[in-house]
Amino acid sequence: MIKAGIIGSTGYAGQELVRLLLQHREAEIVWYGSKSYVGKQYSEVFSNMFELVDQKCMEDDMDALADAVDVIFTATPQGLCASIVNDEVLGKTKIIDLSADFRIKDVSVYEAWYGIRHAGPQYIQEAVYGLCELNRESIKGARIIANPGCYPTCSILSIYPLAKAGLIDMGTLIIDAKSGTSGAGRSAKLGNLYCEVNENIKAYGVTTHRHTPEIEEQLSYAAGEPVCLNFTPHLVPMNRGILVTAYASLRRPVSYEEVKKLYDDCYGKEYFVRVLPQNVCPETRWVEGSNFVDVGFQIDERTNRVIMMGAMDNLVKGAAGQAVQNMNLLFGLPEKTGLELVPMFP
Amino acid sequence: MIKAGIIGSTGYAGQELVRLLLQHREAEIVWYGSKSYVGKQYSEVFSNMFELVDQKCMEDDMDALADAVDVIFTATPQGLCASIVNDEVLGKTKIIDLSADFRIKDVSVYEAWYGIRHAGPQYIQEAVYGLCELNRESIKGARIIANPGCYPTCSILSIYPLAKAGLIDMGTLIIDAKSGTSGAGRSAKLGNLYCEVNENIKAYGVTTHRHTPEIEEQLSYAAGEPVCLNFTPHLVPMNRGILVTAYASLRRPVSYEEVKKLYDDCYGKEYFVRVLPQNVCPETRWVEGSNFVDVGFQIDERTNRVIMMGAMDNLVKGAAGQAVQNMNLLFGLPEKTGLELVPMFP
Amino acid sequence: MIKAGIIGSTGYAGQELVRLLLQHREAEIVWYGSKSYVGKQYSEVFSNMFELVDQKCMEDDMDALADAVDVIFTATPQGLCASIVNDEVLGKTKIIDLSADFRIKDVSVYEAWYGIRHAGPQYIQEAVYGLCELNRESIKGARIIANPGCYPTCSILSIYPLAKAGLIDMGTLIIDAKSGTSGAGRSAKLGNLYCEVNENIKAYGVTTHRHTPEIEEQLSYAAGEPVCLNFTPHLVPMNRGILVTAYASLRRPVSYEEVKKLYDDCYGKEYFVRVLPQNVCPETRWVEGSNFVDVGFQIDERTNRVIMMGAMDNLVKGAAGQAVQNMNLLFGLPEKTGLELVPMFP
Amino acid sequence: MIKAGIIGSTGYAGQELVRLLLQHREAEIVWYGSKSYVGKQYSEVFSNMFELVDQKCMEDDMDALADAVDVIFTATPQGLCASIVNDEVLGKTKIIDLSADFRIKDVSVYEAWYGIRHAGPQYIQEAVYGLCELNRESIKGARIIANPGCYPTCSILSIYPLAKAGLIDMGTLIIDAKSGTSGAGRSAKLGNLYCEVNENIKAYGVTTHRHTPEIEEQLSYAAGEPVCLNFTPHLVPMNRGILVTAYASLRRPVSYEEVKKLYDDCYGKEYFVRVLPQNVCPETRWVEGSNFVDVGFQIDERTNRVIMMGAMDNLVKGAAGQAVQNMNLLFGLPEKTGLELVPMFP
């Protein structure tokens, strides 16, 4: 039985991790860390856990945690994990960091986009980018997993096969993404109030969203060339779900079958990536509550472009589910353990 | 491994049954019945099932099903199950009927409220009302389970302890209930369109809703006297969830502790009924996707009334989850098998 | 042209008042008061007002306002208006207070339910309860209008005709109310976040909501006897709208026609109260954005009760619209001026 | 007083036209046409109109209407208007067609994208594309107005200034659009049910949506060159609103000020187009219920692209409001008459 600790268990991603680990037969949570609710019953913070979780919230104390657990999940704001991780901790336990601290290899890029100094740059190189479908083998031996961002997970998996195959002109790539509101976190901000979000759609972080360099870096590995793209997120009045609509010019005319084969070759054996049939577009409702990413595409002969689409639950495959998938890989468990969740509809 | 067949698997309740049974380690679905989609891939009707269900929709043919399965779930409109069940079927298989056909013992009451003639009245007496917490032992040996209605499940469980204890004046009982829209079914009706339901709340079926006599009958067993009450359902702009707010005059002054003890005595050992702490009101968000019913109450000394409240997922404990719970009882499995679902929030 | 000032113009009710007054041909807003946004462009706080309002937010300074305007609207938390009103202000201007400060005639009841000491009890008696349909004549000559609460407006208008006629047993009266989320205000609280409210319904303030004594007082005037009732509000995932479902025992058997006539006699000449046809239930969507209250009822012969229902936009008839209606009365304008708004659907 | 008739008054756009015309002091509706509800009280179809509209639904009979009214609005599916318009009708009355029949000048393009034969091609050339801000003068003298589509209105107005100025490479133009659900109409289809739309976002009509050639044609006039672009609409769980996010490569480096001036030069005098301040993104909530289009842009130096954005209420500026604006122009009224609606928030 894997002993797990969560730093930041009282945010939406942290709570989703609790939901998944409670249903995971090989793991148990022994530490519910929190910044704001120390000493309070966890089930008072999240009443869905009433009679399911008996523990109280504890300090976000990584050193103490390292002695108590086999794996630490950090579901915290940027900068925290990098500032508290150290050699002693890494000697005792694994770290799966759900923040952005170890996702970007070039520390100057991280510091420019995030606007903070990186407090643990010495660990950046060894950290493995935990997109399981792409980095499965490296993940298994890592000490630090940089759990991918929600938008990057969905964007990269939607585009990867065509970037890898050199079929699209990476200079023309545009990603228009839409997310449910749980992605904005559980802090009490005016902009996240029900009446501000409901009956509204807006773009935000236009040209400046921090997930941009993460997507660029990973797609540049796939394409074998530097990638510079537009990424525009939008806030949608729903709880969960991310939809990515990506546009790129084709380098040459292609048939549906050829493109389909590229996706199938990449994902045919991947349980969590579902390549949809022809003319079926991904929708967030079909993956809600599950670790699936549904991907599809449409070729436009008129404009010589391909539209690549992906849908995913931002809290599962985009955060907690992928973190558990990484944990399974780290501890030699079947990758699907605890993650065979049928999407819940409606 | 229990072989299960579903008549009416392409409605919301039927599909939820599929979701639950796919995650149930002792059951497998061998028949996906449907009226409207015969011959179509089930996963084309519900794309969340893509790559999870490989079967096609089949006829709603109970006789053929009886040869193929150990248990038949009927998730169909009123009247169908009663019209197709017969001795031969019952000799071969168990029936869990999610419709109202066998819930009401007095056939004239059924016919008056439902406005149709009952086609199988000879099976009414033997059918067991499948509210597991109340009728556990009788369920185990039944051939036909009348799976309770969504509103009745939540209403009865919220009120039962005080009705049973004789603490409330049953003549003063008023139930004001609120339901998410999945309860209205998946048929393409104007009133169920997004723009008609969204940003709206309304009462419907005022004084005439068909769940009224079902609630009255069950509570009359608990109270040991005939019960005649007001039940008013409301349609709420959300997918899932039922909330019951019930009002009754107290027969004598009572303390919080006394009432709490009555609830605890009834439900202390029940996994699926959670009695909330003092001053905590049930909310549908805390039970979504799970088989839990959360109950609570508030005493009003000013008016000498008690307000009894319950929250539940109408598709799980109010339909498919309770059906699986009944199946577990019928087949001697631990009652929680396949139902230890942590509520999904947000 | 009436010069109007608003104290608390940056809450949801205050902003709705701005929307209505901008479309009112006999009024102009000369003071946009705010506690949190002093010095900021009003249209930066509410971008719907971009290019429509050019002013900046100013202090909530009632004394300065009194010199500048003909009428002051206070759309502020309880206690503020009572603490800043004074004889000099009342000598210069009219006050329409959207808070509860002057709604309840018995100061001890106010202090008990609101938990604060009343800072201006000497003005309570002269203040007129601004439910225009009931107190039209007294409103015209008042200096202070106590603009009714949202729940009370809808509850009282739904029940008034039968209370007045002595047709219902007031001791059996139960009000189950449902409100959209704008009623909770625009402060950044965890409980009002999108993901906390969406896909959820809950009761709150059970037995303790502050609108209870306000409803009781007004209905006691109608019934000519003290009234003690249960009022239970619920939070609904929608922006606007209040629905009231009220239950009472009939004092004697009545026909539909008799009850209908009572409603028609009360409201036949009232533009803003629409008595719905038989078997039509009020729905919040049909009044959204307008100053209408739709009322209806259903008699239940089985239980000898009548169910009285009302629907209203909480920000219009429940707050800003009624305030404008009061202003029209105060200044001798036709009561509908600026309020002939067709409900917006969907 | 302009006498107006509506063919198709019982859809969402038709009903919105009723809402606007009821509040228009120079127009009255004398004919409520409907296909499905002939003989029924209009206020029974839309209860918001209770006590406001006393008429019954009448046949969609254009010839009879032509004798009775000064202007006919057709808010009907594609093909109908073209099949019933004729010289006699046009000799007696004006037509404002909210369908696509007369929007596209090249009949073969219309027939290819809409998949039907055009039944009145002889009127295509004289029909004026009713985007008031661009074609104001030609509208005034027209007999047939082709009221623009919802997506085209928002797309064209967002992009027009830069297309006109030759600042963007039209071959790189990509429009990613998002719409509320009222755009899908009021027909009872499975895909429009509450539980299918709620908590979901999806793209639809990818590469094939019929508004594509309409946008291309109008932008080609602006740019002075043929335009071929990608237009991808998405369905958002909200009632009203369209958001457009458009991407194009810049032909040369530009400053914020230069681009801002182009927008201001185009729209500085336009009441209904609001050019937002720097770094403010359009949001649909700020225009709901009004005839405004809010536009903004962001320059991305990294990718040498400009992101152009627009937000609008699809039922007002995207349908009924623009139709009234056209009516005002046709009849020599101030363009804003009946349209000075303050956006309703929340």
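Letters A, B, C and D mark the chains as written, and numbering starts fresh at 1 in each.
Criterion: a contact is a pair of C-beta atoms (placed from the backbone, for glycine too) under 8 Å apart; a residue touches a chain by one contact, two chains touch by 3 or more.
These numbers were taken from a predicted model, which means no experiment stands behind them.
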item	value
Furthest chain, CA centroid comparison against chain C	A
Selected pair, greater C-beta contact count between A-D and B-D	A-D
Intercentroid distance (Cα basis), chain D paired with chain C, Å	36
Inter-chain centre distance, chain A versus chain D - centres from mean C-alpha coordinates, in Å	38
Inter-chain centre distance, chain B versus chain D - centres from mean C-alpha coordinates, in Å	46
Residues within chain D bordering two or more other chains	12, 182, 195-196, 198-199, 237-240, 283, 285, 288, 346
Contact footprint of chain B on chain C as seen in their complex	172, 174, 176, 178, 180, 195-196, 198-204, 206-207, 228-230, 232, 234, 236-241, 243, 245, 247, 281-285, 288, 298-300, 302-303, 305, 307, 309, 311, 346
In the complex, chain A residues that touch chain C	12, 181-182, 186, 188-190, 192-199, 237-239
Chain B-touching residues of chain A, taken from the complex the two chains share	12, 15, 18-19, 22-23, 46-52, 182, 199, 239-240, 274, 276, 280, 283, 285-290, 294, 340-346
